[in-house]
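All chains are identified by letter, namely A, B, C, D and E, in their written order; residue positions are counted from 1 within each chain.
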Amino acid sequence: MLETVAFYALAATAVGAALLMISRRNAVYSAVFLVICLCAVAGLYVMLNAQFLAAVQVIVYAGAIMVLFLFVIMLLRADSPAEGLETLSFQRIFGFVFTVILLFQVGAFMKTAAPGAPAGGMSQEALAASNTEMVGELLFTRYLYTFELVSILLLGAIVGAVVLAKRKL
Amino acid sequence: MDLRVDNHFLTVLVFSPLIGVAFILFINGRREDLIRNVAFITSLGNLALSLAMLRFFRLDTPLMQFEVAVPWIRQFGISYHMGVDGVSLLLVFLTSLLTAIGILSSWRYITKRVKEYMIMMLLLETGMLGVFVSLDLFLFYLFWEAMLVPMYFLIGAWGGERRIYAAIKFFLYTMTGSVLMLVGIVVMYFIHLDQFGRASFDLYDFHRLSIPYRTEMWLFAAFAVAFAIKVPLFPFHTWLPDAHVEAPTAGSVILAGVLLKMGTYGFLRFAIPLFPTAAHAFAPLVCTLAVVSIIYGALVAMVQPDVKKLVAYSSVSHLGFVMLGLFAFNLQGIEGGIIQMINHGLSTGALFLIVGMLYERRHTRLIADFGGLAKPMPAFFVCFLIVTLSSIGLPGLNGFVGEFLILLGSFRANLYYTIPAAAGVILAAVYMLWMFQRVMYGRADRPENRALKDLSVREYAVLIPIIVLIFWIGVYSKPFLRTMDFTVRHLIIEVERKRGGPPPAMEAPAPVELAPSGGE
Amino acid sequence: MNAVGLNSYLFLAFVLFLVGVMGVLTRRNALIIFMSVELMLNAVNLTLVAFARFLHSLDGQIFVFFVMTVAAAEVAVGLAIIIGIYRRSETVNVDEINLMKW
Amino acid sequence: MDSPVSPKDLALIFPQISIAVLAIVILLVDFLFGKREKGATALFAFAAAAVTGWFAAGLWDLNGAAFGGLIVVDNFSIFLCMVFLAGCGLTIMLSPRYLDLENAHTGEYYVLLLIAALGMMVMASAGNLLTVFLGIETLSIALYALAGINRGRAASGEAALKYLLLGAFASGFLLYGIALVYGATGTFDLAGVAGALARGAGAGPLLTVGVVLLIVGMGFKASVAPFHFWAPDVYQGAPTPATAFMATGAKAAAFAVFFRVFLTALPALRADWAPVVWTIAVVTMCVANLTALWQDNVKRMLAYSSVAHAGYLLIAVLAGVEWGGPSLLFYLASYTLMNIGAFGVVAAMAGKGRLNETLDGFRGMGYRSPFTAALMTWFMLSLAGIPPTAGFVAKLYVFAAGVRADLVPLVIIAVLNAVVSVYYYLRVVVTMYMREPETEAESAAGAGGGFTGALALTVCAAGVLALGLFPGPLLKIVQAALLAAF
Amino acid sequence: MIDYAWLTPLIPLAGTVINGIFGRRLPKFVAGPLACLTVLCSFALSLMVFLELNAMDEGRRLAVRSVFTWIESGTIKVDFAVLIDPLSAVMLLIVTGVGFLIHVYSLGYMGHDEGYTRYFSYLNLFMFSMLLLVSAGSFLLMFVGWELVGLCSYLLIGFWYEKKSAADAGKKAFVVNRVGDFGFLLGMLALFGVFGTLDFEKVFAAVRHDSLVSPWFADHAVPVHEALAVATPLLGLPLITVICLSLFLGATGKSAQIPLYVWLPDAMEGPTPVSALIHAATMVTAGVYMVARCGALFTASPDAMLVVAYVGALTAIFAASIGLAQNDIKRVLAYSTVSQLGYMFLACGVGAFAAGIFHLATHAFFKALLFMCAGSVMHAMSGELDMKKMGALAKTMKITAVTMWVGALTIAGIPPLSGFFSKDEILWSAYSAHLNGSETGKILYALGAAAAVMTAFYMFRLIFLTFHGKSRAAPGVHPHESPPSMTVPLVVLAALSVVAGCVGVPELLGRFPLSRWFFDFLAPVTGGGHGSAPAAHAGSGAEGAVMLVSVCAAAAGILAAYWVYNARPALHDRIRERLGPVHRLVFNKYYVDEIYTFLIVEPGKWLSSRLLWRVFDAGVIDGVVNGAGYLAQGAGAVLRRFQTGVVLNYALFFVLGIIVMLYLIL
């Protein structure tokens, strides 16, 4: 019961924040609503026994990344509501229509679909008990390769970001 | 197939122009006369090889000669397989001859970018020769397409006003047809793979296929469209006038003299023997189109104001005869068709040379700009007259032999096509003579026409070999017909055998023997 | 087992995803578009975690971890690009960035 | 628990390690060279690509999976690695002069190229949807940066932004697709997915939607319609050598993934995805070829052309493993050579402060710089599929594969499209040989490319010729690669 | 000598080659005589051949000599072979004989022309072609000569090519001939289809012996008469009729019969010796020769024979009527030629092939004579052709006047000149022929007799207008007699015209050595000497009556002409006014040229130029081709608009793509 209530509360928060995010004219507000949305999703992660991810979500995503966003928004003075509606009206109408079509095309399946057979072979309880530990272990054993790969990816991102953003080469 | 390497004579023949190309590449582009000489000597060398081939060609066998077969791309069973038989022999010779003549005729006509021009001419020669000797469909297609490129350059870079339009139209139109043929070739490849478990693009292997009826029809259609565009058969002909008009003289000569023959050659070498049933099924359509080409080409040629365009449409008409002959499926028809290919190459080639000579002198090709040229240019008059008459099909000149045999063959196959086709003979006289009259006869009203120079030594050299052949074939065609006799007989027998029809009616009608008591 | 079924999570994630899509399609501020993309990724993450939960598998969570990392990397590069654009043309409106077309 | 890394695993990813480490080394070494000496960095980068290629070649016929199936190193992937690295090396050779002229020569450029190559290699050998994703992202992030690296030009930044926004958008869909496939089959492992599907598990509308979204995600990278819109803009805006790499390597990697995912993991669903891919192929070919007819900017035209080629390549994917696989590999190899060559010529057209990418700049080039023009002609012919070029054999092979798979209508559409494409390829040739320059600037539009550039172009041209006339050895290799891999 | 008969055509060819190649470097006094010499050699050779043949047994006068194989393809084998039999021997003699005289005449006539050597090379080429035509051993080789004489005709009519009318006339001649050749070609194809050979003696022998043949439409051997009786599809006529009519179409073209006669009057644009040689004496008779040569075939088809006879008779009277009103001296002669050729066909049509050939021979003499006289007149009048501007020339041109009188009397049919005998033979054959009932013969006879009156009238109209009455010459024209090289041939031909009749005298007028020689000699070829056969059953009374009528007709014509044009010069203007429209109709040659132009030439041009070329070819066919290109470009133009440059639009298409894909797959 509590879980259901929590789910709907978080879900409503997430969707509401998301809708507000995309509809605010001021980019700063959007960023703030996105943070709220991300936190709500983090709450859902907890409910799904993904405590580690929930933590990462709040710290890295909502914390670091969104701060970076806000920083850039301020830097570029993009918070001023410069957007006009009319120039993009057809784009907006179609954007809305297409999204709704997608909702009806696929939404129904989302409510009826069932996952495949359990593949992990681990009980929920075990997973819940030491989520962080297990994720960590997997990352450094089975997924060591990808972990290292991501480091190169990040290196590339850093190099790229530096090259692109540096004032003078 | 068992791979025999008889000799590499054909390799040398086909690729010898590339030697010239290699030399020319290293000559400074400003030394134009040297380039011309090298190109001409190369083409003469090639012509000498062709003559040697004629000399050593054996007349007593239908089989391929000078055959060379080397595995090339084993994964697809593609082999470097070439050979010459009676069908292709004369065409190879014609190619060598017309290229040499074309190069000679370009001596003063081409003054810009001589180096590139000569390279293209020689590349074109290799491409054309390759088409006529390839016995592997991959190899054939390779030459068939590759040859478009130098021709495209010749039209596009050295042509007239609308050269780019013409060049692109030529390229795209012909390519549209040939890509469909490529799909057809691939389909055959897989049929062969399934039936024999072995990859091959070899013509010999494809002859052994048994193809389901529907497939055969489709395959024939794919091949036929490619070839019909090249021929060009009505209604696929509209690229031809444009290409001819815009091309430089030598380009037109080769276009008319050789390239169009690739279409008819393709029918004879591939489309008919590979798909005999379909070929017979399609024969009414093809013959109808051929007859329409004959009449239509002639009628439209009649009213052209531009000499080159007129000759171009006349090609449509003449090639219609060839097609009619080939689709008679009998000895006279096919032999007439082949001879007519040669004839058309000679006479139309010569006509384009003549138009080129006029253009060099007057920088116009409009009939209305000429008139009264007979007086200042008597020798030119004679040559032009002979060539015109050859094109009309005057007996005693080459054109007649081909047309007569075609009509004879076609008459035996289906006389309904023969009657309108024979009527085309009348129209040929109308449009050619009318043109001839307007150009050569009358009073030279324009002063520039009055001052024209007669043929130069080089121009004699260009025209005389053709005229000699025009007379030779016209007066004594037997040696030419003999080169193809065995091959064509064999081909007809094979076609009939594959169709499973009655044994070939090669000997009907039997000649009447003189009754012993009668007449004397 | 669970009071809230998998489908609820899936549907929620899908809705969030579509909100992100709608954001991309309807906004012209590059930064907001970019945030909408982050929202889409987030929705995917939720889907993955939900599946992981119901499949009794941690792979999904691991995947989410990598998605987050990649998202961070993309943000880094993306913001650098946006800054570069802004420096040159003083705008972050994507419909004004159309030098190249047709 | 055992050590997570076995020596064999390390051996199999040694080329990846090599290129990653060398990239870092170059990043550091780059500091040694001054602003005008970045050519030395290029040399190092070329060496890095070459060495890695040598390592990769050493893995031929090893055919194994590493890291629990995250990575599958088989001949298929090794062949593609060689193609990527060749493309990378050629791109590096084309770059110095262009970047110097554009004042955008930095060492980071080469590092990013190498990282992009790493991403491609990961994609080619990905055995798991996670590696697929990470490979794509590694590649993409490097390419986003490469597209925008020419900061002197607005177009470069615009290209980067467009690429990034759409790329991220597409990643979202790809991820959603991966998530749905995971949900339906319970695994990210390609073989696992195939196994689950073979057991009859998971099939359902969610999985189908997931497959569609996978097509979307990978189709974006492969630039197939209607997900190709980024390609012309990005190709045009990015520095030309980088474009060359994008158009060849990235596309090849995308098709490698496409092929592997759909033919290893999802063959069971072929009946579902084949019609969709069929349609996409037709739309891609037609849209790209028809739009390309109008392009006056050669680079942009080549971009549309590369989209069109993606359409042809889809035929290979549809044709299946036996014929489609080798034809795909052959096509990608030939395509890499001829397209890098073509973009290389465009790069070579650049002069100080002028890119000369439009057709006007090519006027009369056939006589101004005959060698480059001849090479360009050669590449155009190859792209158009005229024998005796590699492009012809490649097209023939792919179309043959299509015929084999009973896709004759599709093949006919494709060959007709190829005819249409001839028009715009020949337009370049027409301009070079048949039109005279009209302005001073046009007649001055140079074509050099520097020594390395010319060398790279020559290598490409020679390769195109060699593959066109004697494709046998390479055919043997690609057929062997597929036999061992699938 | 028969073994060398094949040289007969080739000797003049050598002349052509020498004059053609070295012509401009040869002096005139070499080129012309050289040409004459070659013809003289041929004549000598022909004479020897003729004598040798004549010396043989009557039944064995046939020799085929093959020189080399020209075409060989499967069953068709055509040799370059000559056939020497009485018919070809006679023809060879006529052609070389008259040809030689005209060559000599040309030496003078063309003496001052700048195209002197060109003229003689053409003329020699003509001799070659004509000799080839008459000596050919097969249909195909005959066709070669047939076409080549057409070519020479084209070249010689257009000899003065700077005159547009000359060039046009040349082309017209060639094209109209081609229409006829089309028929010849079809007939030949059908013959090959039936007989499997084109050699004359094999075909005719098969017909004669009714051998077994395997025609193309039957799958087994059948006798010739069955094969030839097969009804042809579409037409329903027996095959033999179709073949004969096809061949006859060829003959009407070459021999200027209805409906293809229109080229001959225009052909007078050529030099007068050419008109004499080609368009009077030799080439135009090729059709008659061909029909006579194929007598065996034609006799097998009564319907075809009837057509031949009617066409001949109608042409005879039709052309003669046009000749009544022409003022151009050469055109009068041209229509006269057409008319006389009609007589010859009439003879062939009624089966009297030998009579046709006989008339051919005499006609060759007198018509060549008339033309050359006309040429002499023109020579004297500085090229003037209009008879209205002549008159009283008899005073200054004695020889010409006398010889022309002889020619006119001959053609009018005044005994005992040769024309009387040959024409009478034809008229009598027609009168006595049994074709489709005897009335037909009588009708044909009536037509012929009427034409005879007209002939006499227009010939003497010409004579009186030209040589008598007052001179109406333009000032500055000083008529003078021609040089001997021209007058000597006139005299020779006049003599021949006078005496030639004695080898074909009707038995009614007595028998003497050689009196029926011509018919007897030709009998093996033309079949049983038709010329004399009717006499046996029609009775000599009727024959005498026919003869008398002929003479009266000729006399009436001459007197009428005298009355109108000499005795009462003012009368003819009144007659012309009285006749009004009829005169205009006749004067304008029944507007046949205009009708042809209106019905065939103009629609053809319009069809080709406007409809086929500009609308259909450029518009429809090329429109489709270019349209495909434009369509592609247009589609491209639309599609590229989707590439707006705005990334958001791209995302929109992206999503749209997904929606469509989902729609497809779900």
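Criterion: a residue touches a chain if its C-beta (ideal position, glycine included) is under 8 Å from a C-beta of that chain, and two chains touch if they have at least 3 such contacts.
Everything quoted here is computed from the prediction, not taken from an experiment.
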If a chain touches chain A and chain D alike, it appears here: C, E
Per-chain CA centroid nearest to the all-protein CA mean: B
Reference chain B; chain at largest CA-centroid distance: A
Maximum centroid distance from chain E, chain identifier (CA atoms): A
Chain pair, C-D or A-C, that carries the greater number of C-beta contacts: A-C
Distance between the centres, which are taken as Cα means, of chain C and chain A, whole angstrom: 6
Intercentroid distance (Cα basis), chain E paired with chain D, Å: 78
Whole-Å gap between the CA centroids of chain C and chain E: 96
Centre distance in Å when chain A and chain E are each reduced to the mean of their C-alpha atoms: 102
Junction residues of chain A, two or more chains touched: 88, 91, 94-95, 98-99, 102, 106, 110, 113-119, 143, 146, 150, 153, 156-157, 160-162, 164
Where chain E touches two or more other chains at once, by residue number: 629, 640, 643, 645-649, 651-652, 655-656, 658, 662, 666
Sites on chain C at which at least two other chains make contact: 10, 20-21, 24-25, 28, 33-34, 51, 55, 57, 59, 62, 66, 70, 73-74, 77, 80-82, 84, 94-95, 97-102
Touching pairs - complete list by chain label: A-C, A-D, A-E, B-D, B-E, C-D, C-E, D-E
Chain C residues within the chain A interface of the complex: 1-4, 6-12, 14-16, 18-29, 31-32, 34-36, 38-39, 42, 45-46, 49-59, 61-62, 64-66, 68-77, 79-84, 86, 92-93, 95
Parts of chain E lying in touch with chain D, wherever the complex brings them together: 629, 632-633, 635-637, 639-640, 642-643, 645, 647, 649-651, 653-654, 656-658, 661-662, 664-666
Parts of chain A lying in touch with chain D, wherever the complex brings them together: 106, 109-110, 113-119, 137, 140-146, 149-150, 152-153, 155-157, 159-164, 169
Residues of chain D touching chain E in the complex: 161-162, 165-166, 169-170, 173, 205, 208-209, 211-213, 215-216, 220, 225-227, 229-230, 232-233, 272-273, 275-276, 279-280, 286-287, 290-294, 420, 423
Chain D contact footprint on chain B (complex, rising order): 72-76, 113, 116, 138, 141-143, 145-146, 148-149, 152-153, 156-157, 163-164, 167-168, 171-172, 175-176, 179-180, 182-183, 186-187, 189-190
